[in-house]
Structures are given as C-alpha cells and as structure tokens.
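Presented sequentially are two complexes of subunit A, the first with subunit B as partner and the second with subunit C.
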Partner chain A sequence: MNHYKRFGMTLAILLLLMLVVIPLFFIFLTSIFPNGSLNLAAPLRIFIDNDLRETFFNTILLGVLVVGGTTLFALPLAWILAKTALRKHEWLDVLIMIPFMTPPYIGSMGWILFMQPKGYFEQFIPSSSKLSPYFFNLLGMVLIMSLHMLPLLYLILRNALLQVSGSIEDAAFIHGGKAFYVFRRIVLPLLFSSYAMGALLIFVKSISEFGAPATFGRRIGYYVITTEIQKYTSSWPIDFSKATSLATVLLSTCLIFWYVSSLISRKFTYNTISGKGSEGKIYVLKRWQTWLAWIYIIALLAIAIGVPYFSILVASIMKLRGGGLVWQNFTLIHYEKLLAWGSESMEALMNSLSLSLIVATICVIIGTVFALAIQKSRTWPQRIIDLFSLLPNTVPGIVMVVGLIIVWDAPWMPIPLYNTYGMVVLTYVIFFLPYTVQYVKANYSQIDESLFQAGRVLGGKMFYVLRRIILPLLLPSLLAGWMMTFTISIRELVGALMILPPAMQTSATYIYSQFEQGDLSLGMAMAVISVGLTIVMLLGINKISSKRKWSIE
Partner chain B sequence: MTLLNKRLKKRLIMVMALVASISIISCGTIPKPAPATAEVTLSGKLTVYSAGPNDLATNIQKGFEKKTGVQVEMFQGTTGKILARLEAEKAKPVADVVVLASLPSAQGLMKSGMTLPYKEAKNADKLFPQWSDQDGNYYSYSLSALGIAYNTKLVTNPPKDWTDLTKPEWKDQINIPDPALSGSAADFATGYLSVKGDSGWDLFKQLKSNGVLMAGANQEALDPVITGAKSMVIASVDYMTYQAKAKGEPVDLIYPAEGTVISPRPALITKTSNNVENAKAFMDYLLSDEVQKMVADAYLLPGRSDVKVQGRPSASEIPTLKVNSDWMIANQKSVIQKFTDIFKK
Partner chain C sequence: MHLYIQGVEKTFAKVQALKSINLTIQAGKFTTLLGPSGCGKTTLLRILAGLETPDSGEIRMGKEYFFSSQLKVNKPIHLRKFGMVFQDFALWPHLTVFENIAFGLKATGQKQDLKKHVLEAIAMVRLQGMEQRYPHQLSGGQQQRVAFARAVVMKPKLVLFDEPLSALDALLRDEMRIELINLVRNIGLTAVYVTHDQTEALAMSDEIVVLNKGEILQIGSPEEIYRTPSHPFVAKFIGKSNWVIPDKQLIRPEHLQLEPFDSKMPYDSYEGIVKSTSYVGDRYEILVDTVMGRFTVYFDTRIPNGEPVKLYVKTQDIHEIKS
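Our next item is the complex of A and B:
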C-alpha cells in the first residue's frame, strides 16, 4: 500500500509540475529572451518604457482603490450582519453573494448602459445626466469592481467578527469603554489579521481582473496589465515578448503579495477561539438605528444587484437600441433568435454547458485524489502538492493562459493538443482544480481519523474504507465543488478568449463578441440566461452546504 | 532495493503508456488533412478565418456547406484578431482560407509568401481590378466605405467633411474604432495618411484634443451612437450603420465630400492549406452570384462591378481619396502603432 501511496504522490507532483509550474516557468523564460538572446533585465524594461510603466502604475492604483472601496462597503455590512439582531436573516447571505457571481464584463456593461448619456438612468430621471461625467472615469470603474468584490471581504470580515468573543467586548465595557472606543481598541485590532488577508486577496484579484477593465476601462481609456497582455497576444501586431514581460511582472507582484499576506496572518493572529462556548456579543439597536441598518443593506443591494441586472434585462428585451424605455419597444425576439435550434448562439451555449460538465467532473475526480493525497499536509511532498494545486488560484488567469499557450503551442511539443477541444478542457481543469481541492481538503480535515481506523480494524481493505467511509462523508463537498466548478466554467472569459479552437465559441465569448462586433441585445439575452443558470447553481450550493453542517456535526 | 526499483520502473512504464494513450485519444479530435479529392466531389473539412459581419459569414458558411457538403470550421473575429492568430500559429498553421477586412493586411500576407495564388477563380474577371491581385493571391469579394455615422436625434446638421469634426461643438461627442482591432479603421488611417503625408497626423491629433475616444471594434464604437451616448463615429463602416438604420435605429451616415477610403474585404487561400480543392471551391463560391447577393443584402458593397446595389451609392459613386497602396502596405504597422499612441494618451 505504501508503494501505491508513494507512487501516487510522485505522479501527482509530476503532473502538477508539467501542467502548472512549467508553463509559468516558460513565461519567465520567454520574457528574459526577448529577441532570442538572454537579457535578464528584459522584464524590468516595463519600468523604462513610458507606456508600459503607466500601465503598471494604473494597475496598482486600481488595486489600491478597489481595496479602499470594498472596505468602505463591506465593513459596515459585516458589522451589521455579525453584531446586531439583523444577523438572523441568513437569506441575506445568498443575495450578497450574487454580485460576486455576476461576471464582471457583464456587470460593467450593465453599468455602462445605465449611466451613459441618454442611458436608462437618465431616461428615468433626466436631471441625473449631470452625474454621468463623474461616473465615466476611474472612480466609476472602482465602484463597479468594489461592488463585485464586496461579498469576498464581507464574508471574511463577518466570520472574523463572529469569532470575536462577546466576553472580551464585555470586559472592555465593564472597564468603562465607550462603544466607539471598544470598536477601535478591541474589535479593530482583532480584525486586523483577517482584514489584511482579505484586503490582499481583493488587491490581487483586482489587479488580475480582466473583464471589467476590458469593457469599462476601454470606455474611459484606462489600460491595465491584463488588458495589455491580451492586446499584445491577440490583436495585430502581436508582441509576445512584451506580453510575457508584463505577465512576469504581474505574476511576481501577485506572488509577493500572497507572501506578505501569509506573513501577516502568521504574525497578527490572536487566539479568539478559546473553546469555551462564547456567543458573540449582540448590540441592541434602537428603532431608528435598525431602520438605518436596513436602509444601508437595501441601498447597497439595490446598487450592487439592482442596477446591473436591470440594465442587462432591459437591454435584452429592447427592440430598438435607440428606441428608449417605452412599452412598445419591448420584445422577446432576441431570446427567440438566441435559443433557435442550430443557431450560432445555441451552439455556444451548448458548448459552454458540455464543457462545464466535463471540466467539473474531471476536477472533482482529480481534485479529490489530490486532496486525499495532501491530507493534513504534514510531509513535504504533501505540502508541495498543496502549494502547486492551489497555485492556479493565486496566479492571474491571463498569465496562466499565456504560459499554457507558450508550452502547448511550442514547436517541440509532441502532444498535439493545442487548438483542440482537449486543450480547452485542460486549461479549465488547471484553472478550477483549486476549488475542489480546497473544498474536499476542508471537509476531509473535519473527519476524525478514528473513523478510518475503525474501518480498518474491523477488517476493511483500503478501497473498502474509501468507498464506504471516506467518500460518503466527502459527498457534500464533492457536490459543492462540482457545482462551483460548473458555475465558474460557464462564465470563464479570458481563458476561453485566448485558448478556444478557431471554430468554437462559448456563451462567454459569444457575449463578448456581441459587445465588440455583433448585436448587443443578443449578447445581453445570453447574459441573462447564463447568469440565471449561475444563480440557480448558487442556490443549490447554498442548500448543500447548509445540509452539510447538519450531516457532519 | 533493486526489486523495488524494478517494480517502480514497471509502474512508471505503465503510467507512461496510459498518458500516451490518453493523448492519442485526445488527438482524435484534430482535423486530419483530407486526401486530395477530385474536383467534382468535394468532401472533408475547410478551416476559414473570417472577419465580420457575423451574420454574413455564417450565411456564407451554411450556403457553402449545403452546396458542397464540405464541413466548414469557422473562426470569426476582427481583422486584428485574425492576423494575431495567424502569426501565433505560424509554426502550426490551421487556416485554409482567410477573409480580412483590410487590403494592406492581405497584401502583407502575400508579400511574406503566405498566400496560394488561384488565378482561375470563376468570375474573378468581374471584380473591381484595383482591389484584387492579378495573379489571384487575393480577391476582394466585398467592400465597405468609411464614413461619418451620426445619431439623427442628436445631430440635425451633419458635418460635411473630416475636419468638421475637430470643431468645439463636437467636443467629447465622437468615437473612433481602434485600428488595432478594426481592419477598416486601419485602412482609413493609413489611406488618409498616404494622401496627406505627415501633415495628415494633424487631423488625428486635433481629433484627440477634441475628445475623440478610441472605442474598440466597430460595433463598440457605433453602439453608443445608436443609444445616444455619443453623437458620431468617425471612420465608421457604412454597412453596420445602414443595417442599424434599416432596423429603425436613429442613425445615418455621410461620405465626406473630400473623399473617403474604401476598405475592401479580401479573401485568400493560405499556402499551408491542406484542403486546397475545398479552399478553391470556397473562393469560387465567394465570387458567385449567390454570395454577391448576400453581400448586398448585408449592406456591404459587392466586390463584383456587375452586381448593383439599391437605395445607396455603389462603389463607383462614392467620393474616394487617391490612396497610395504601396505606402499603405509599407507603413500599416507603424501607423497603427503611432495612432494608438496618440489616442491612448
């Protein structure tokens, strides 16, 4: 059995090396051989070239501002839903997740249609036209991206707040601290580690984001590294060495920030879970304060969900784009065209669905194997598998794709996978493997080892234990992982844009190409359908994970 | 120890065999080069990279499939994306036929030896001679003229000439398509500069200081004008505007009196094609009456001079600039570069 294990470990590491690490290494290699000769400083020339330097600073500025914006929105929300009576409304959590599940390129387009001159907002309230110029600049993009990232930081902060034991706060109050003083001196410092991790996560996600800058950024002439990489690799004249330089810099930035984040979490983590049963303190709000809290939540959700979804929906049913918001101008013809059997759009949708199905299934199988190999990452091979299999989640999607293209399109590559369906599957699997690994790993670590030992003591063979004990217990997380992978595969844009074989489209690339070249209404109708699917899936995941609590505890 | 090693080796070999078989299975999806077939009965596949408009490309694909039974794999993208794809795939070319929306780009491909001449194409003699190659390296099966598209609700007194757009009344009201994506916008910029010389850049610089925004591909530039967010598109492709107008959208288009650039849409067969017979049949099909009618119905200008359009000026009636095509080919790349530098600032 040990042979199997060692052998499996070696195989897993080799596979991850080949699929994840080598492509990233090749980006670096390509960037330091700009014209076929070694130049170690080549990636650094982006700091010399004016345009590239501006792109870099644009990217960093965007990341910083989005962190600020997200904090501004998420902190009050997290406090309200962790520390007041409002926290019993668990259904709010599902609603709050929706902005994060909305693909940013679709959300941005919704915002553009809403806010642009003669847009939907202005058609409701003509005097709002004065707002438009203030929206179409960097701050508008920060707003859109902050609302998209909001759920992430909210979840992190709320969980951290829930863990701050009520007795600590009570102690402060007893010693005469005022509410704000307690918040400043007790709660904030205890939150710091979680917040820092969350903020860094938001930062890294923002600078890796492609969809919002590609749709909104282009509108306002704001260019960032991801959009420039895409430009240099897929519009003429292409410049692979510039693209790889940018990719190297983006990759290094992300890795540095992940490292900092792990340092912070190690240094500033306090023991907030003492084992003594501690209910978090609940602040009793006055009536007007409760009202204020509700208004805040509703206003936030109206902006984060209401605005983009209203625009998408309306744009998908408008007969004439220039016809305005009047009843006579509404029609379902776009849906009819979109869902016509054998149409280009239907094919794209089917491609997306079948691809997501295949990818989700493969990810669950491989992810489970990896997660079981990692166990509690005690030995160094386990730690390596852990690190490598989560790497694609750390690395910006566009960087990963560039690496994969370099390796699989290389003249020396003996496996002719590039430009085939298989290549798309491979790319997606690499992209989304971390999700299942994380889900299963978390679940596995909750299962007490005595259960396996009991199985073995009673004479169960390894596969018997796996089949009858481990897998049934892991089932909820396998399902959640499967659905999560399915959902994000449907909306994946940048990987699809760059790696799809010539004759293939997915719903995401279909939407994107309708924005660029085709009929925007059709694109929006497709957006409604794929986002609808996403929300159904999200509700499913929510249901499963709430059941999971019940079945394991 | 050695026993263990042997076992390990055995297992490794098994795994390698497994990996190999998996990769062989996945290879099954790759189009195999079809054997050269007789001219009468065509079969197999054809890979076409085609610039928009999407509906036209799809109709042509379906029409050709129906007529010949050849299965067409079509990649639709902007000219910029197609060129990028061709360049990226240089080591392992895939495309058999390439349809672009920019003449200098096709000529560039010809000069770098990537085209396969097909002199005997049917109806080639009826094409406008100035936009097709005599040796049959490329044929411009359709054309579009660039104009100024405007929102009829917002612009009651449309401009007459390119330079009118630099007036302060249009500040921040105008879009221009990105020539790195839109082949026709690239043709406009290079064509205009080939006539005006270096002083031509003044127009673009003035446009930039008048708040003209470079707004992605053609549709991205035009859509805000349809919805009224912007007033005009400079260097807008005419067919897209006419299409929207026919639907009832509040847009129209003028061709400046000074003259404009006609952007031909050349089709070519790649030298690396594995399906030459199919590709030739496709080229014949593009020049056939059937497709030429589809072209006119899509509000493009037919590439054949004997096919007339109704209700709008035909290619010979549109005022054009006397462009220098040699200069255009030689300078396309640098013009795009400088153009985007100006508009990105």
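Our next item is the complex of A and C:
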C-alpha cells in the first residue's frame, strides 16, 4: 500500500516539475543567456533600455492605479452591503460578481464601442463627444480594469467587515467615539490585513493582465509588460531574450508581492470573531442616506455591467454601424452567419467547446488525484505538490506560456508536441489545473477524517472507500471544478493567441481578430455567446454549491 | 444623580421585548437586571447605552434627557458618557492595553493628564507592566480587567455590565466576581449589571430587578427578593421553593427540618416518602414526595429511598405571595 503511495507522490512531483517548474526555470535560463553567453545581469537591463524601462514603469503604474480605483469603488460598496439594512438583498451579490466573470478583453471592447467617437454614448447624448478624448487615456483603462477587479476586493472587504463583531464597534461608540473616529481608529485598522491582501492580489492580477492592455492599451499607446512579451514572441522581429527578461521581471515582481502578502496576513491578522454577540453591527440609515446608498449601487452596476454588455449586445444585432439605435436597424443576421455550419466562426466556436470539454475533463481527473495526494498538506512532499500545482495560478499566464514555448519548441525536445492540438490542451491543462485542485482540496478539508476511518474500520478496502465514500462526498467540488475549467477555457485569450497552431482559431481569438480588423458584429455576436455560456455555467456552479441534499459539517 | 426610566417600550418585529418599564436606578448603587434569556434585560441595557432606540418612554438623569419620545430627544451613544463592559469584553485587538484604556479619553479630546489617568486605571485593576501587551497576550481574567478599566477611566456617571462574567470559567468567575464588586464599591460607581445567574445577582447587588417576558416582576434588595418574592416566577427563578399552595404559599428548603421544634413557636408538619438523596458535598439534598407535591429538604445524613419521613416548618417561615 505504502509503495503505491510513495510511487504516486513521486510521479505527481515529477509531472509537476516537468510541466510547471522547468518551463519557468527555462525562462530564467534564457534570460541570463542573451547571446549564448552567461550574463546574470541580463534581466536587469530592462532598467537600462529606455523602452523596456518605460514598459516596466507603465506596468507598475497601471497596477497601482487599478488598486486605487478598485478601492474607491469597493470600499463604500462593501460597507453598505455589510453594515446597513441593505445587506439583506443577497441577490445583489450575484449581480456584483458579473463584472468579474466578464473577460477583460470583451469588457474593454464594450467600453471602446461605447465611448469612441460616434460610439453609442455619443448617439445617446451627442454633446458627450467632448468626453471621449478624456476617456481614451490611461484613466479609461484604469476605470475598465478597476470595474473588472471590483468584485474581488468587494468580497474580501465585505467578509472582513462582517467578521468584526458588533460589540467591538459598540464599545467604541459608548466610550466616546464619533462615527468617523470609530471608523478610522477601529474599523479600518481591523480591515487592514484583509485589505492589504486584497490590494496585493489586485495589483498582481493587474500587472499580469493581458486582455485589457491588448485591446484598450494598444489603442491608446500604453504598453505594459504582458503586451510587450506577446509582441517580442509572436511578431517580427522576434526577440526571445527581451521577452524572457520581461517575463523574469514580471514573475519576480509577482512572487515578491505574493510573499509580502503572506507576511502581512501573518502579522496583522486579528481574531475579531468572538463567540457571543458577534452578529455584526448594523447602522440605521436615514431615508436620504438609504437613497444615496441605492443610487451608488445602481450607478456602479450600470457602469460596470450596463455599459459593456449593452455595447456588445447592440453591436451584435445592428444591421448598419452608422444606422443608429433604431428598431429597424436591429437584426439577428449576424448570429445566423456566425452559427452557420462550416463557417470559420462556427469552427472557432466548436474548437473552443471541444478544447474546453477535453481540458475540463483532464483537469478534473489530474486535479482530483493531486488534491487527494495533498490531503491536508502535512508532510513536505504534500506541501510541494500543493505549492507546484497552484503555481500556474500565481504566475501570470503569459509568463507560463513563454516558458512552455521555450521548453516544447526547444531543438532538444524529443516529443513533437509544439504547434499541435496537443500543445494547446497541455497549455490549458497547466493553466487551469489549480482550480480543480483548490476546489477539491477545500472540499476534502471540510470532510471529517472519521468518515473515512469509519469506512476503513467497517472493513472497506482503500479503493472501495475511495469509490463509495470519498468520491461521492467530493462530487460537488468535482462538478464545480469541471464547470469552472470549462468556462474559463472557452474565454482564454493569451494562451490561445500564442500557442494555437497556424490556421486554428478559438472563440476568443476569433473575437479578438474580428474586433481588430474584420466583421465587428460577428465578433461581438461571438462575445455575447461566449459571455452567455460563462454566466450560465457560473450560475450552475452557484446552484450546485448551494443546493445539496446533505451537507458536510 | 438617579437615573429615571419611565414608560420605556420596545417592540422587535411585532414581538414586544419591553412592556412599559418604570425603574429608578439609585446613584452609587449596584443594580442588577436579572431574568432568563429573552426576558428583555439585555434590550433594556442596550437602550440605556443608546445602542437600541426605544419606541416610547423617557430616560433621564436629573434634567439631562437621554431619550424622550415626547420631547423627541435621543442623545447619540458617544455623548451619553457611560461606560460599558461587554460579555465578550470587546477589546480592540489591534490596540495595546494602554491604547484600549486611553481610547475614550482620546476620542473625547481629554488629552490632559491622559497618561496619568490611564496608568491610574491600570494600577487599579493591577495590570502594571502589561501596558504594552495586546489583548490576545492576556488571560481571560486580565482581559476582563482591561475591559473594566476602559469602562471606568472616563469617570462615567453610569457603568453598564452585560453578563461580563459569563465568558470566564467557573473558578475564575468566582474570583472576578469578588474583585469586580470591590472595584465598583471602592470607586462608588453607579452600576447596572445584567445577568441570568442568580448567584451573581444575590452576591453582588444592592438592588435586584427581576424581569420576565419584558416586564418587571419585582424590585428589591437580594434579601427581599429571596425571602419575600412577590411573584411565583420570582420564587421559582431564584432559589429552590417548596409549594404548599401552588403559586401562593412556599417554603424555602433550609426552613424545613426532619425533627419537631422544641420552642413554643407555632409550626406545621407534612408527611412524605423519601424519593431520592443526592450528596452535594456540604449536605444532602433530599427529595420528599408529599401530598402537596415534591419537596426539597437539606439534611446531614443519607436516608434510604422509600422511607417515610415527617417535615416540620415554623409557620412564620411559610411565605405567602399576595397578588
């Protein structure tokens, strides 16, 4: 029995080393051998090269501004929905999650269509054309990305606020604190660790983001590391040493910030939950304050969801782009063309669906095996598997792709996988493995070990217990993992752009290329279908996790 | 100055939590609100603090109104200048002992002699040398003392206690009870203390207010409450009672004995059969079935079950509830 286990563990670690760790190592290796000779300082030359330095600072500035923008939106929202009577409206949470489910490249396209000269906003309010130039700059991109990240920080802050026990705030009021003083001296410091972690998460996600800079950033001439890596690896003149230098710097920045985040969480986390009376304080709002709160929420949802969705939907059903927003100008012809059998677009959609199906299935199988190997990560091999299998989620997607290209396109690579369908599957599996691992691990840790022990004591063999007890109990997380992987595979852009074999398209690359130069309406119709699928799937996951016949407590 | 509570009512989602409460909290006295959970005692305390707003009524101290539905006054919590000790202590986890205690002084701008006042409060609760510790570095009893120091450092007109001992284990609870009452007496605080624990209430209070279902049933000294309950619920909730006439006449167990009295005093006697004996350390508690029902008697030896006994009580020790 133990032999099997040790063999399995070794195999898992080897697999992860080969698939995840070695590609990342090769990025570093390539970056320090710029011209075939060792130069340890090579990655640092991006601080000397003017263009690269600008790219680096652009990236950092974007990250910082997005953190600021997200905070500005999320903090009031979290406070309103945690500390006032409005918190009973749980359906708002589902709505608030939608911006995060929207792929940033599609969101950006919606915004561009809305705000550009002769865009939909101008068609509504002609005088708004003066606003357009103010939108097409860095702040516009920060707005788009902040709205996309908003749900993440909102959830983090709201949960932190809910955990502050009511009496802790009551005590501050009774002992003489005014509302703002209490907020500043008591509530904010208690939020600090959650906020810091949320902010770092958003920073890392912003600097790793490819979709929004690739669509909106290129348009305004704002280049960041991710878009530059893509440029250096996929368009002439290809320069792998520059690309890997940038990737090394991006990767290091991300890892440093993850490390800082874990330090902060260890140092500034307080136990604010107490046993009794911890229902959380609810502030009673005056009528005008309630109105203000509602206006804030509705306005936020209108710009975060309304604008991009309205734009892509309208673009997908307009006959003539210049025809204006009139009933006669609407048609479903684009959907007909898009879904016509044998068309380029239908092929792309089918490619996406089949890829997602295969990838989701493989991820669930491997991910479950890994999660079961990790268990509660007590021994060091378990911890290593845990760390390695979550690495692709920590590392920016584009960095992972560059690593994979270097390894699988290398002249010494005996397996001829590069530029095939198999390579796409492999890349996606590596990308999305962490989701299943995380879901199953979380699920597994909730199940009391005595349930398994009871199965063993009552005479079940290892595999019998696995089949009859463990897998059925893990089923919800397997399903959630499968659906999550399926959904994000459909919309994956950066991996597809860089790794698809020539002449193969997915729905994401189709949307991207049609938006750049092609039939906008077809692209947007594809975007509607892709986003629609996403939302249906995610609602499904929601339902699975909330509606179960039994619960494991 | 006394605190006057007049006609205070509160309804939560159609459930009447408090039904027209009239009560005077005597200045410098220790008043306990006692009752089972859900009786409204905590609601009343939170109303005094300003954490809940009553539907109607009046709360004032002299001419200073804290709440009045008639005058449309509702003084904000932070201007009432009370102190409060919470059930879960509610110490701020990110502030040190010193900062926790200094919070009120800083929040209200009393920066003068701040350090002196805080150190005095710390000395009072014997936590010298722990000023720079954080709450999680303290034991339960020490946290309790910080919470107390924090509540009294501002020299409040009234200190509210919300079951402050219930989070401590039994041994510590007895110790803190004595310490707490000594501190309150030494400072001469006016205190309102909420508890469901009759032992605490009897041991600490100058005055006990017994509440049930949102109503005050009896107000009186601990002795009055125990010896002369004015409502059957009070008799049942505090101490053990043997009912001679249900809800009308009762005898406390310690007044019953198994031998006749020598004195000429008039006494009653009841025949019964021993049902069970439990040994509780300093005595035996014996349950006796009589025609009136099951009586509890204290005795100094064990009596076999099923043995017939005769119980004697002085007539003057039979308490009659007049209603």
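Some observations on this one:
Operating definition for what follows: the second predicted complex is superposed on the first by the 545 of 553 C-alpha atoms of A that agree within 3 Å, B and C clash if a C-alpha of one lies under 4 Å from a C-alpha of the other, contacts with A are read in each partner's own complex, and residues count from 1 in each chain.
Note that a residue touches a chain if its C-beta (ideal position, glycine included) is under 8 Å from a C-beta of that chain, and two chains touch if they have at least 3 such contacts.
Everything numeric in this text was worked out from a predicted model, so none of it was measured.
Superposition model on subunit A: subunit B and subunit C are shown accommodated side by side without a clash.
After overlaying the two complexes on the shared chain, residue contacts for A:Arg185 are found with subunit C alone; subunit B is out of touch. Once the two complexes are overlaid on the shared chain, A:Ser234 sits against subunit B while remaining clear of subunit C. Note on the composite model: angle subunit B-subunit A-subunit C, taken at the C-alpha centres, equals 170°, rounded to the nearest 10. Of the two partner chains, neither subunit B nor subunit C is touched by A:Ser477. In the superposed pair of complexes, A:Tyr223 makes contact with subunit B only, with no contact to subunit C.
When subunit B and subunit C are set side by side, the one touching more residues of subunit A is B.
By the touch criterion defined above, A:Tyr418 lies against subunit B but remains apart from subunit C after alignment on the C-alpha atoms of chain A.
After overlaying the two complexes on the shared chain, residue contacts for A:His175 are found with subunit C alone; subunit B is out of touch.
When both complexes are overlaid on chain A, the residue A:Ser245 reaches neither subunit B nor subunit C.
The overlay of the two complexes leaves subunit B and subunit C separated by a minimum Cα distance of 48 Å. Once both structures are placed on chain A, no subunit A residue is touched by subunit B and, in the other complex, by subunit C.
Residue ranges of subunit C in contact with subunit A, taken from their complex: 49-51, 77-78, 80-84, 86-94, 103-105, 107-108, 136, 150-151, 154, 160, 166-167.
Residues 4, 7-8, 11, 15, 23, 26-27, 29-30, 47, 49, 52-54, 58, 72-85, 87-89, 91-92, 94-95, 105, 151, 153, 180-181, 213-220, 223-224, 226-230, 244, 247-251, 333, 336-337, 341, 343-344 of subunit B are the ones touching subunit A in the complex. Chain contact summary for the complex, subunit A toward subunit B: residues 3, 7, 11, 51, 113, 116-119, 218-219, 221, 223, 231, 233-238, 320-323, 344, 405, 409-411, 415-422, 501-503, 513-518, 520.
Within the complex, the subunit A residues that touch subunit C are 165, 167-168, 170-178, 181-182, 185-186, 189-190, 192, 268, 270-272, 274-278.
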